[in-house]
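Below, each structure is written out as structure tokens.
In what comes next, chain A is part of two complexes: it sits with chain B in the first one and with chain C in the second one.
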Partner chain A sequence: MEALHDFELVRAATLDDVLKARAAHPQSALVGGGTDLMVNIRRGIVTPPVLIDVTQVGELQAVNADEGALEIGASVTLNTLAQDDAMRRHYPVVAEAAHAIAGPTQRNMGTVGGNLCLDTRCIFYNQSEWWRSANNHCLKTTGDTCHVAPKSHGVCFATYSGDLAPALLVLGAEVDIASPSGTRTIPLNDLYIGYARHDDAVEGDGKNFLSLEAGEIVTAVRAANTSGLTSAYDKIRIRRSIEYPVAGVAVALLRDGDALVDLRVAVTGTNPRPVLLEGTAELCGGPLNDDVLQGLDALARDQIMPMKTTFTPGHYRRRVASVLAQRLVTRLYAE
Partner chain B sequence: MNESAPIRNIGDYVPMVDGPEKVSGRALYTADILEPGMLAGRIYRSPYAHAEILEVDTSKALALPGVKAVVTGADCDKTFGVLPISRSEHPIARERVRYRGEPVAAVAAIDDATAQKALGLITMKVRELPAYFTSKAALALDAVDLHEHKPGNLERDVFFELGDVEEAFSKADLVRQSTYNCAEVCQNQMEMHAAVAQYDAVRGRMTVHASTQVPYYVHLMLSQILDMEMSQIRVVKPYVGGGFGARTETLNIELISALLARKAGGTVRTVVSREETFITHRGRPETDITLKLGMTKTGRITGVECECHQRGGAHSGYGVVTILYAGSMLYAIYDLKNVKYIGKRVLTNTPPCGAFRGHGTVDVRFAFESLLDQMAGELGLDPVDVRRTNYLNAPTFTDNDLMINSYGLPECVDWVERESAWRERRGNLPKGKGLGMACSHYISGASKPVNWTGEPHATVKIKLDFDGSVVVLSGAAEIGQGSSTILVQSVAEVLGLDMSRIRIITGDSDVVPKDNGSYSSRVTFMVGNAAIDAAQNLKQVLVQAAARRLEARPEDIECLGEVYRAGTQDTGASFNEVVEEALKDTGTITVTGNYSTIPESHGGRKYRGSAIGGTMGYSYSAQVVEVTVDEETGVVTVDKVWVAHDCGKALNRLTVEGQVQGSVWMGMGQAMSEETGYHDGLLLTANMLDYRVPTIQDSPPIETGIVESNDPHGPFGAKEAGEGSLAGFLPALTNAIEDAIGVRFDDLPVTPDRVFAAIEKRERALARAAARKKSA
Partner chain C sequence: MAQLLELTLNGRPRVDAVPDNMLLLDYLRESVGLTGTKTGCDGGECGACTVLIDDVPLLSCLTLAASVNGRRVDTVESLGENGELSAVQRGFHEKLGSQCGYCTPGFIMASVGLLRRNPAPSDDEIQEALGSNICRCTGYVKIIEAVKFAAQLNAEGTAP
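== the complex of A and B ==
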């Protein structure tokens, strides 16, 4: 096993401690369960001189859910979320997504904030120092080439693979962000700025994928006005545990009589960001039928762009994401 | 009246003798050895796939404070390798590197951080050479040779034709040929490779603790690499966290640690990362097979033609043996005449392959059982009946002179057919569900060891002293498979004693007799027989002593375990009294037991290498796999597995069932999710996320049937149980998928994306056919 580098560990007790430490150490990293960060540290991908442990911070531990709203603190463990009765009853999409993450050991340690801000992944990036060096590094670290698409013109295609983000996106969630200069709340969708398309005005990519400013941290995620939405999450895995999503899909919908009146679909494991499909509102208004499902398939094919960032081919990930989306929609509509 | 009776354990569910240490965490593995002053060893690995080494500059590393020794290829001009005929590998590359990750230098420093830092100061200059990552590329006419003495990058080509294959095909009612590709797979033992080398500079002695399956090979290779007398070397095998064949060969890790320890004049502990464990490799090679079978309309196989190419990696390793097994083990399961085999073991710029569980037999068995199934379908025959039509008539010798005395395959097939309700259910399952079956077999130890010395194949010592405890001394390497338990059981059984009286000591070359090691499923058969022999010899000593004590004739003495008596009316003498009597002659008693295979088991001389495949007894296995295929996502779920294994006699039903289920499970990994992938020779999948060993969530219910054919030569009738059920899973799975959705998979692993792609292809073909029909 690779030795850890020397670092200072700050055990924060309050949010204030965290923010002060963050301000004092701009190169620091927050550590919750460490299930992703420690792996990256051991691989020499990151070497933060200071780690700020946020697992004991009281302000970050809230888990509240009722039929109209939910609030989850950043240090809540994935297992707590997966097992929470109210969450399972009102927001199965969230509990299912939490339960689908990695294996029991990682869920006991891993946190909501860590999963939401999960570093993007790529088979050319999540490798040892020796490996990356032997491969001339890549855009996401110190190299000048994206090995996924050598003609990417400086765009990194690393894939966002958090399971929770799509589940919360379909609930219209917002995130609370704190910094020494105050707090702000933004739509969760705006936390992610990574795009994989050259034709868009590129704000971010697989390397620069979060909109957090220096010193800012995510403290909680919340959603309101969710009444009546039914929701679910599913993901394709090659094996049934300890897997990032080959493709993960969250759906929330509202049905009134036979009419589909609200439909939200979000996908993970395919692009440098979790993708809340655009255009689903246009599929609403009537009953669920083949036209709606074909319309959904077209949206998915258009907006999901997996590249060769995993061992599993991109074509499969894109197609199967659409299959999962159609299945979940069909199932929820029938419930 | 004496109510004593010998205690029996054979055939019971017996907990493993080393279980308490393992489940409580008290068991110490190589990496647990920590001593003051110990140095950390780390290996600098080649970033190049194929290159001539011009310079390795370690001066800056050596100058780093805390670095105690640096070694490079210049420190050792010797080669090592498991096969005396092909030792191509230096522990540290000299002159050339041949795969990305090959050791180029190594550092011993006061701690891991310093050692790691030192690696960053090492530089190498090279002249790059063309690199070949596939068998095909390496075999190309203009390819540069990886090794001068292996022209054309052929480690070994094998050819034999026994009978007349063309004639056999001409007589067949159906002849079919198919090609198969099995991805490279790599063992994933829980414990990462580790070695601790202690050099005693005063006495010039070397002690090495290593995570190995064969301490004896480590001993031999240390002597060769260090150019030291074997008598100056001690090899200790602590608890080992799994082997699966990766640790049969001596690995460069223990050799490099020893080179470092000697140079540093101290102790060096090298615990490599998971990535390095993968790169050290010795897994199952990527295999391309072209198989042609002839069959009569009743399902009788008339002829076999098999061509097998293995991408062996950059060094010889076990290669010659692996490519020979792939051919010879076409035999010994069905009654085959007219077999032609062409094998090519290819040298490529990838990490060296080795002896993965089911050594050499698995991929060819996949191809064979797949084609058998396909042809049965074409002929309208039940796959089970086709197997029955081709049974051997044991006892017999195969055309390639393999000796078969016990043959429980028919009972295995009957068991899985009955338990899976094959007759009632196959063909009657809902859409997307299917049943498939296949058979497999394996050897119970190679009848001729790789290092042929003329010694017995196995030697066990038993020590009995004043305290009445029986201590078994064996070199058999307990690697989690249960060998120590079997040896204790065997000795206890012969002496009629409770197992609690028996202790076992293994794994220290200073103490225990040499053993050929834990590979090719040899230990229960060979070392078990030696343990029985030793226990019988001890019993003789005790019977003689009891006769003296009881003033009776030895032939009248009855051994009841804790009591020895002369006739049923005799109250007899207790075991301790008999021991006391026995010690009067000699003091502490040591007895020896030996075992050797018989010449008839050594294979024939019909082709070069035909000894490979010879064994004293073949295990047999049949399995039925039930699957559900999700045609929209390509996800295959194994609903249930029925497996029956003929292990001759189950000495310990608990460990037999565990081994059989473990084999099924490992086969499932290879069949469904495990594969290595390379990017220009860089191992992409050297971690447990991207190399997908199944998790317990993926484990189906496995019904295990034990068939006992009572081999006449086996210890209490036993044969191997640890490998033979692996190969059958692969074709049973793909046969089941074919039954479920009508698509046959000839390439492994059958991952969801491959299933999805195959279904898309089928749909497109159907659409085209429909369009043609419409336009016509």
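== the complex of A and C ==
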């Protein structure tokens, strides 16, 4: 690993401290657990002149979950979330996703805000300075070519692999965003702008994948409960611990008698954004059968576009995501 | 830039001026001279640098020294009293949970963190709690035996 570059560390005690530091230093980076950012800094991938430590900010530490709604502050650690009894009871998908991240020690450090805003990953990006310079760098840093897709015409294909986002997307979550000029709340799905489809108009990509404006930070994520909704998260990874997902899938569904009345499926680890599958409502209305599962497979295969950004081939990640989704839907329907 | 760092290190209060960009791992090893904490992968993937901060296992290779201001930091040097091994150290020694020994301080601190919050863990809970630590020698079976033995020693009160 490289020596750390010179930077200033701001130890923020209040949200006001964070926003003031953010306003004074637009090129700053927030550091929570540092489990992703510090690695990228040590590899010389990013060199923010100012780091703002948000782990001691009281306003960002809330975890509230009950039958009605959930609210989670951005500095809550992943283990706190995974072990929260009310979260496990009312929103198992969120607790399961938090529990599936990295390993136990990383989860003691990593935060909800950090996982939601997790930098996209690629085998040509998450490498040492020496490795990247030997390869003439890539689009996501200072290079001019995406090595995953050399004819991508300036589009970066780095993959979003946060585990919490899909879990919260299937609950219809919103994020609170704060900046020196005020606060706003947007649907979590709108936080991510990396394109989901090759043929969509390109708003963002693997390099520019969050809709945050300069100076804005995510302060909390919230969701209302849907009565009777069951939910779960599962992911495939190369090892059981300390590993990013090959593909991760969150499912929430509502069953009335034999009829499937609501189905929401979100996938991570495959595209430059977490993908909330479109068209699942058309699979609802009747009992779960092979037609529904085949329909789900078709939606997944159509909307998930893994490129060769990991050591696992893209076509494998697409199949795995679809299989995971079908397994989870089958299991939740039977519960 | 440097900042004042006030912490309780292995039970003793301590004040140092540390550069903003100094890692806790380098502070412990280079500034304080406690070399029990090991530099392994140096990127948060192996657990060799695990220390306890307020009894919670964290990776010192990804933690900035200045950010543990006001906290309690325990390294492997905090264990044992008057030359007598602590329960977890005895467990790793007697049950052969350590071979080349490089990962051992990290495993020991992760195990101490586990036993402080769960004095009688099951095999599954031990596996889960040590999931962030990698050992290339033992195959982990002996390490799990070591932690169980340490839990037993703690229960009997036969080790410091």
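Here is the rule we go by: the second predicted complex is superposed on the first by the 330 of 335 C-alpha atoms of A that agree within 3 Å, B and C clash if a C-alpha of one lies under 4 Å from a C-alpha of the other, contacts with A are read in each partner's own complex, and residues count from 1 in each chain.
Assume contacts are C-beta pairs under 8 Å (C-beta built on N, C-alpha and C of every residue); 3 or more make two chains touch, one makes a residue touch a chain.
Just so it is clear, the structure is predicted and the values come from calculations on it, not from any experiment.
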{"item": "Which of chain B and chain C A:165 touches, first, second, both or neither", "value": "neither"}
{"item": "Partner chain(s) touched by A:31 [first = chain B, second = chain C, both, neither]", "value": "second"}
{"item": "Superposed model, chain A: greater residue contact from chain B or chain C", "value": "B"}
{"item": "First, second, both or neither for A:296, with chain B first and chain C second", "value": "neither"}
{"item": "Chain B versus chain C as contact partner of A:103, first or second or both or neither", "value": "both"}
{"item": "Chain B versus chain C as contact partner of A:60, first or second or both or neither", "value": "neither"}
{"item": "Touching partner for A:124 - first (chain B), second (chain C), both, neither", "value": "first"}
{"item": "Touching partner for A:260 - first (chain B), second (chain C), both, neither", "value": "neither"}
{"item": "Partner chain(s) touched by A:12 [first = chain B, second = chain C, both, neither]", "value": "neither"}
{"item": "Touched partner set for A:135, first chain B, second chain C, both or neither", "value": "first"}
{"item": "Overlapping contact positions on chain A, where the chain C interface meets the chain B interface", "value": "1, 5-6, 103, 240-242"}
{"item": "Chain A contact footprint on chain B (complex, rising order)", "value": "45, 47-48, 100, 111-113, 116, 192, 271, 273-275, 632-635, 673, 677, 679-680, 682-690, 692-698, 751-753, 756-757"}
{"item": "Chain C contact footprint on chain A (complex, rising order)", "value": "1, 4-9, 11, 31, 33-35, 38-39, 42-43, 51, 53, 55, 102-106, 108-109, 240-242"}
{"item": "Touching residues (chain side chain A, partner chain B) in the complex", "value": "1-3, 5-6, 103, 123-124, 126-128, 130-131, 133-135, 147, 236, 238-244, 246, 310-313, 315-316, 319-320, 323-324, 327"}
{"item": "Touch list for chain C against partner chain A, complex", "value": "1, 3, 20-23, 42-45, 47, 50, 56-59, 62-64, 66-67, 69, 110, 128-134"}
